[in-house]
Structures are given as structure tokens and as C-alpha cells.
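Chain nomenclature is as follows: A, B, C, D and E, assigned in order of appearance, with residue numbering initiated at 1 for each chain independently.
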């Protein structure tokens, strides 16, 4: 799973029928302190995550292992909202 | 999913039998403003997307989760045409 | 799918039993003009492609969605030989 | 599989129901001497690995081939704790 | 598939039960002349490959398409030992 920060949202009228009602958020991968890096990508949100949240995303066929994404053409899903991260015995990130 | 811009098309006479009638477009990944970067790749278009459209693409086995791509040797599909993208509360891209 | 150029071939005596009779070619990814870049990789050829051909390759489990590669430990297959590519309304590559 | 070093842990209250009771650790890929490099990622621990351990991780759908991760939206699992690594006939890493 | 050179081996006492008796080798990706590059990774050996051999590896779910790796949490398998590689009509690598 990737540690990622939710930075935005997408709107699409023309889309695959399985995606109707599906919330597609824009994310960037982040490090253990929550600092984002790299290019944006899009994942399905099944946990009502908000902009600015640090989350974990599962990719590939694993992105389809939720009730909402099963059998859909999606390859990334938010499967956890991070409360805190610890590295080397120290809290490196804590949700505000 | 990747945010990608449709930049061209491909023509192949010799191809896997499951791809007959399948529209294969050339794309480049794009950022949240729609600016393309990186090398071109090819995805199946099931939504009648046009050159210049910003779209979302699903990859790997997720690219086979549509009626048109099921059981075919394809690993990327356009599953949404983007109307607009918002980042940090601002519209970063809007379809013309 | 990746646009790739066929650059060579492989010979293996010791191999998985499912690969007996399977043609394994060496390719390099290419851009929309057919110019190769990056490191070589190997894909199964099910279309009798030749050295120098520009082709499309499907990867991961999608590489197993052909009669020849089903249930085999292979993760890339040539599924189309490219006749021509068009970018921005111009032909960027044409097979000789 | 990737050689990776366990560097930390994650805590999430809001998560997919299949992840309840699931231990999610933070890792960084490592070389054959155990030296970590690159950005952190997260994997499910099914082997009671500890911080500082060098482990092997399986990715993608292979990350779901354990009793604990089956049918869950997870794409990486720790499937071995490394005792030692040998390269070129020499021990390059030994667990302390 | 990736062209890779076998450079070493791993020993693990604590591991997933499906991996008992499974030979896990350390490899580095190689070019068409057999010259290795990049960081090491680990694959299951089902062909009794030796240190120094140039091999082909299949990744992801394709790594599980052998009798030994079926249903196991492994994402890479050696599926061919290379005798020789030809690029541009010339032998670029030959096994000694």
C-alpha cells in the first residue's frame, strides 16, 4: 500500500456505468511525515476521506476487493485513513 | 487510475482476434492541470473519447473489467472522460 | 499497452513446460515515432512478429489472455503489430 | 519479491472492515546488505516481524495469498523474515 | 518477462507455510548482453538455476502459474534459463 495525501477531486459525466455514484479523489504519494511527492493519481474513496487526509491506497486487482469497487474498472482504492504513523519509535505523523 | 491526455490513435491489421473492432488510443499521463508528461502508452477506448480529451485510465487486470475488454489481452482502458478537476478547493482543469 | 520495438530473440533449453514451442522475443519500449528507449524486456509472440516490427504488448495477467499463453508463467504478450500511429492528426509512424 | 526493512507502524481507526485486526507496517526497500533506499510503503505483517527486521514482501494479487489477507483490499504482504542473504558466495547480510 | 542474472540466495526460518521447501534466489535485472543493473529482487527458482545464470522471470500473478508457486504469496518466478540471446542478428549473450 502507498501512503498518500488526498489533494483534490474529479468530476466526470461520461464514464463506465459501474462508476456511477463512485467518488474519485486525486492523491499524491507521501512519505512517513505526510509530505507529498510525485505526480497525482486517482483512487476510489469508500471511506468518506476528506481533502488533506493522509490515507493508505491499495492498487491493481486489490483495488477491487471492496463492495463498492468489485468488478469495476478501477485500479486504486482508499482502504484506510491514517491516524498516526510511527518510525523508529517516534510519531512521524499525527492527524490533526 | 492515471489522469491522461489522449494524443493519438493506432492502426493494426495483424492483432489478437479479441481486439477486432477495438479502438486503441495513444495517451500520455497528465498532471492535475491536464499538462501531459512522460512517454506515450496505449489504452482501449470504450467511451468514444476524442483527441485532446483528458481521461482516467485503469490498468492491469482492472483494464479488463468492461464488456468490451473482458477476456482480452489488454491492460489499460479509458473508464472516464474528465469534466473538471479540483485541487485545494480550486478548479485546476476544466474541459473546454 | 506499451508501444515496443522487436529487437531480438531468446533461446532456452531449460524452461517451464508450458513454454515449450513458445516464441520469446526481446523488445524495447518505443515512442510514438517508433524510436526505442529504455532497457530490453521479453514477451511471448503469438502473431509471428519480426525483428524491427513495432508492436503493442499487454502486461501482467493480461499477458495470459491468449490461447497460447493461458495458465503459463508469462507476463507479457505481443497482441498487435502496428501499421501506423497518428499523433495530433499527423502520421508519426508507418510500417515500411 | 522485494527485500525490505521494517521501519515503523501505522494506526488507522477508519478502515476497510477486512483490515480490522490487521497489522500494517511501514517498510523501505533494501539492498542485499540490508541498507534501505527509496520511499516508504506499507505491507500487512502475518509473521510478527519487528521494527528493524529485514523481510521479503510479495506485491499485487500475490499479497492476498495468505489466510489473513485473502479477499482484502491489500496489495503487499510480508511473507518471510530474512535470516541471511548471500551474494557471490559471501554472506552479505545476517540477522543479529 | 525480465532478463535477470542470479546473484545470490536467501535463507528464512520464519516464513509463510506455502514457502517451505521453496528456493528463493536474489537476482538483478540484466541487459541483452547479460550485464546486470538496478537493485536486487527475489524470485522463486523452479528450474534449479545456479548463481551466475542468466534467466527470465515472470512477475505478478504470472509468478504463481507454476505447480510450485500456485496459491503462494510469491510475485516472481524463474521460468527459463537463457542459453543465448540474439539482437540485430548477432548473438549478444551465450551461456558459458
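Quick notes on this one:
Everything below uses one rule, namely that a residue touches a chain if its C-beta (ideal position, glycine included) is under 8 Å from a C-beta of that chain, and two chains touch if they have at least 3 such contacts.
Nothing here was measured: the structure is a model prediction, and the numbers come from that model.
Any chain that touches chain B and also touches chain D is listed here: A.
Shared residue numbers account for under half of those found at the interface formed by chain B and chain C, and the copies are therefore classed as meeting with different residues.
With centres taken as mean Cα positions, chain E sits 33 Å from chain A.
Inter-chain spacing, taken between the CA centroids of chain C and chain E, is 20 Å.
Counting only residues that touch two or more partner chains, chain D has 60-61, 63.
Chains in contact form a single ring whose order, set by starting at chain C and proceeding to chain E, is C, E, D, A, B.
Against chain D, the residues of chain E that register as touching in their complex are 7-16, 18-19, 24, 26, 39-43, 51, 60-61, 63-64, 71-76. Those residues of chain C that touch chain B in the shared complex are 1-3, 29, 31-32, 37, 46-49, 56, 58-66, 69, 77, 79-89, 92.
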